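The same chain A turns up in both complexes below, where it pairs with chain B and then with chain C.
Let's look at the complex of A and B:
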């Protein structure tokens, strides 16, 4: 025993942790934006009346949601090169997280799409909009506003998943924390600070999402 | 001659099976311990006094704001730093159980709070004590509400158990990596491991859907 807390080493390396956090956030933002685009397209496919669209979308969502993301990360980085697809660490991680978030966001969006009354589509058709215009100008915006609360918890959990990039040595927050831990043996301090940074960032994301929700809420 | 995939799979069968067995036991232990702890968390969040609620709220928010991988690493390294010396398996199961408890806690709280107030009032009116109200009125209804979500948490735990490979627990993923480092068939064996995880999780998901159908209030 006799462990005395000494945060000095951690503070000296604090900028490394912050750089790691910045990279984590960057990975999350890029992947989630791509994932949201995938998710939106897949969600429309899931509720489509054409079985040729529903079937592949269902397979995608079911398969991805039932696989551990670490397996996907390792597969993309270590196995895909065997098939001739060579991505660097960051590219392959972003690709995986984008595909992974696409499946989770598709489920969120699908629930939102189902709650949009049919009358809106009919009204759109009545004023002569094409189905594509109805989707992009009427249904998608309304749906996005409705799903903001469940979307924010999905986004937070996807942000936390960026920690898995440490497994393929992407220098994000968890990787840096682990390095400082190994270099300095200030075990407790390092992990307290690293998880405090994660918790604070998650709280920040939640606050931003609540703000967006308030801004977009219908006036009552 | 390149070794054939089936030879390699056959050669690795025991290693893969032992990995799968460890994955299942890690998940089961984490779910059991996490659920017991999680029910206490949920009860404290719903019925605790102000201070208990505050403490438990801070606990769940910290756990839910931290990536599971960080929990696993922290649990492993910190336990040895403070002299508890957990082996990787126990440290990992501890981290997963703590993670599970915060999720189950939120599910239990949600289930209990979704019950209309009139139920408690009606129970009080016919003279039930709080204990009786809870056991005969609230808990059965809450259980029906949160069982499907609880089954989903089980699938989350199986997925999170892969993170224990990072601290050297020889579960399915680490076993797969060991096999790949021997035969270099990364494509085939990661795919195979993925398929096993899929089968386990898909089974749990179907079971969740079944439970959802069974517990749905007949309308």
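Let's look at the complex of A and C:
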């Protein structure tokens, strides 16, 4: 084959990969937090008895989930400025990933909401809580416990989607790896190390989520 | 005669074309303990649920302490009150459910405190003291820190009763509170209800426990097909039913 593995260049530039990874994680955390807030509101809208709430929520989820995220990333960065909305690279990517996460998490949350017995809402009403208080103190906390396992895979998936920010030159992990690759011609080594970093981070996220799940499990 | 607490007049409830309550008229006086009996589908649970607006209703009025529940009624027009007003009115009645409906992510004490803190706006320590007092009262003072999943059905139901009663309601509604319990756990729950009755709490109980109704109720309402069929003193009703329907119903109900 004539290709001898030599990781020296990659190790020399390892801090750049770590910085990239840190940015990837930062993008994911901020986007997913915003997305979770959107998803929660949209999930309640999806199961609302008011058509005026169900309709826009359904359109949002359907449109966003049926678009490739790369298309959204490119649209937000290149098309929106033409329409007078100017965001820098990072802002535009966070906005896209937040909106994208919102649609996926809305579906996860909706499934969780459907599994909560109606009697709990009635018990809340009976002691005089308002529907809003019931959502925040009873329904949402129970729903989050229910959906932690499926939320874990959604979060991992969304973290991996940060690699698409490379398309608009956000210096996250994939972008940094490509730069090192181009500068050093160490193709195999660079991508092996970058891949290992992705895998390790995802495994860590999964472990943390399992821990959270265990912590929040209802005592019996 | 004691003061009238609850006044139901011409109450009608429909699901689409199905009429479940066909004009209920009834007065409840302070301190009365009323057992509502009847076969399933007679509308007894629906009646209870209308009283605290867990069900909307289409005709008639329900007033608690002279205040109309759920709707502003002016002549022929009726308008549902705001969620906030309805929530305030619901807090005036307590309700215990067949399925207990405790909040599974909260301890027994937290279940009881929730309404005190969020609805009555009491400080946490004060709410906790009240919660512990009522848990003690239902015999569960030592279970305050337990979660519903760690309690038996009978214990859960007693916590649920404490949660309702801690709000200091004007009226307590019990909806078949022993139907989901194993037979050996029924007694402890009925004991708690007896205690509340002895304290003079006004109560409406939908129940299948005929013996209990006979022992504890000061008055029995027998419902059949969406109307009140018979209404009176348990001794007379159980011993000498005036209507064929009630006689029939009592014959098919077990008295143990």
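Criterion: the second predicted complex is superposed on the first by the 220 of 220 C-alpha atoms of A that agree within 3 Å, B and C clash if a C-alpha of one lies under 4 Å from a C-alpha of the other, contacts with A are read in each partner's own complex, and residues count from 1 in each chain.
The rule is simple: a contact is a pair of C-beta atoms (placed from the backbone, for glycine too) under 8 Å apart; a residue touches a chain by one contact, two chains touch by 3 or more.
For clarity, every value in this text was computed on a predicted model and none was experimentally measured.
**Student:** In the superposed arrangement, which partner chain does A:138 touch: chain B (first), chain C (second), both, or neither?
**Tutor:** After superposing on A, A:138 lies in contact with chain C but is clear of chain B.
**Student:** Could you tell me if A:3 is touching chain B, chain C, both of them or neither one (first, second, both, neither)?
**Tutor:** The answer is first: A:3 touches chain B but not chain C.
**Student:** Figure out whether A:31 sits in contact with chain B (first) or chain C (second), or with both, or with neither.
**Tutor:** neither
**Student:** Quick one: chain B or chain C, who's touching more of chain A?
**Tutor:** Touching more of chain A: B.
**Student:** Please indicate which partner A:117 is in contact with in the superposed arrangement: first for chain B, second for chain C, both, or neither.
**Tutor:** Second partner only, chain C.
**Student:** Considering only touches as defined above, state whether A:127 meets chain B (first), chain C (second), both or neither.
**Tutor:** In the superposition, A:127 touches chain C alone.
**Student:** Return first, second, both or neither, reflecting whether A:219 touches chain B, chain C, both chains, or no partner chain.
**Tutor:** second
**Student:** Scan A:13 for contacts with chain B and chain C and give back first, second, both or neither.
**Tutor:** Once the two structures are laid over each other on A, A:13 reaches no partner at all.
**Student:** Please indicate which partner A:161 is in contact with in the superposed arrangement: first for chain B, second for chain C, both, or neither.
**Tutor:** first
**Student:** Intersection of chain A residues contacting chain B with those contacting chain C?
**Tutor:** The answer is that chain A has no such residue.
**Student:** Considering only the defined contacts, which chain A positions touch chain C in the complex?
**Tutor:** Listed in rising order, the residues are 117, 119-120, 122-131, 133, 137-138, 141-142, 145, 218-220.
**Student:** Residues of chain A touching chain B in their complex?
**Tutor:** Listed in rising order, the residues are 1, 3, 62-63, 66-72, 74-75, 78-80, 82-83, 156, 160-164, 166-167, 174, 177-178, 181, 185, 187-188, 191, 194-195, 198-203.
**Student:** Going by the contact rule set out above, which residues of chain B touch chain A in the complex?
**Tutor:** Touch residues, chain B against chain A: 61-62, 64-71, 73-74, 77-78, 80-83, 155, 158-163, 165-166, 173, 177, 180, 186-187, 190-191, 193-194, 197-198, 201-202, 205.
**Student:** Can you name the residues of chain C that touch chain A in the complex?
**Tutor:** 52-54, 83-84, 87-88, 90-91, 93-95, 97, 99, 101-105, 114-115, 118-119, 147, 149-150, 160, 163-164, 167
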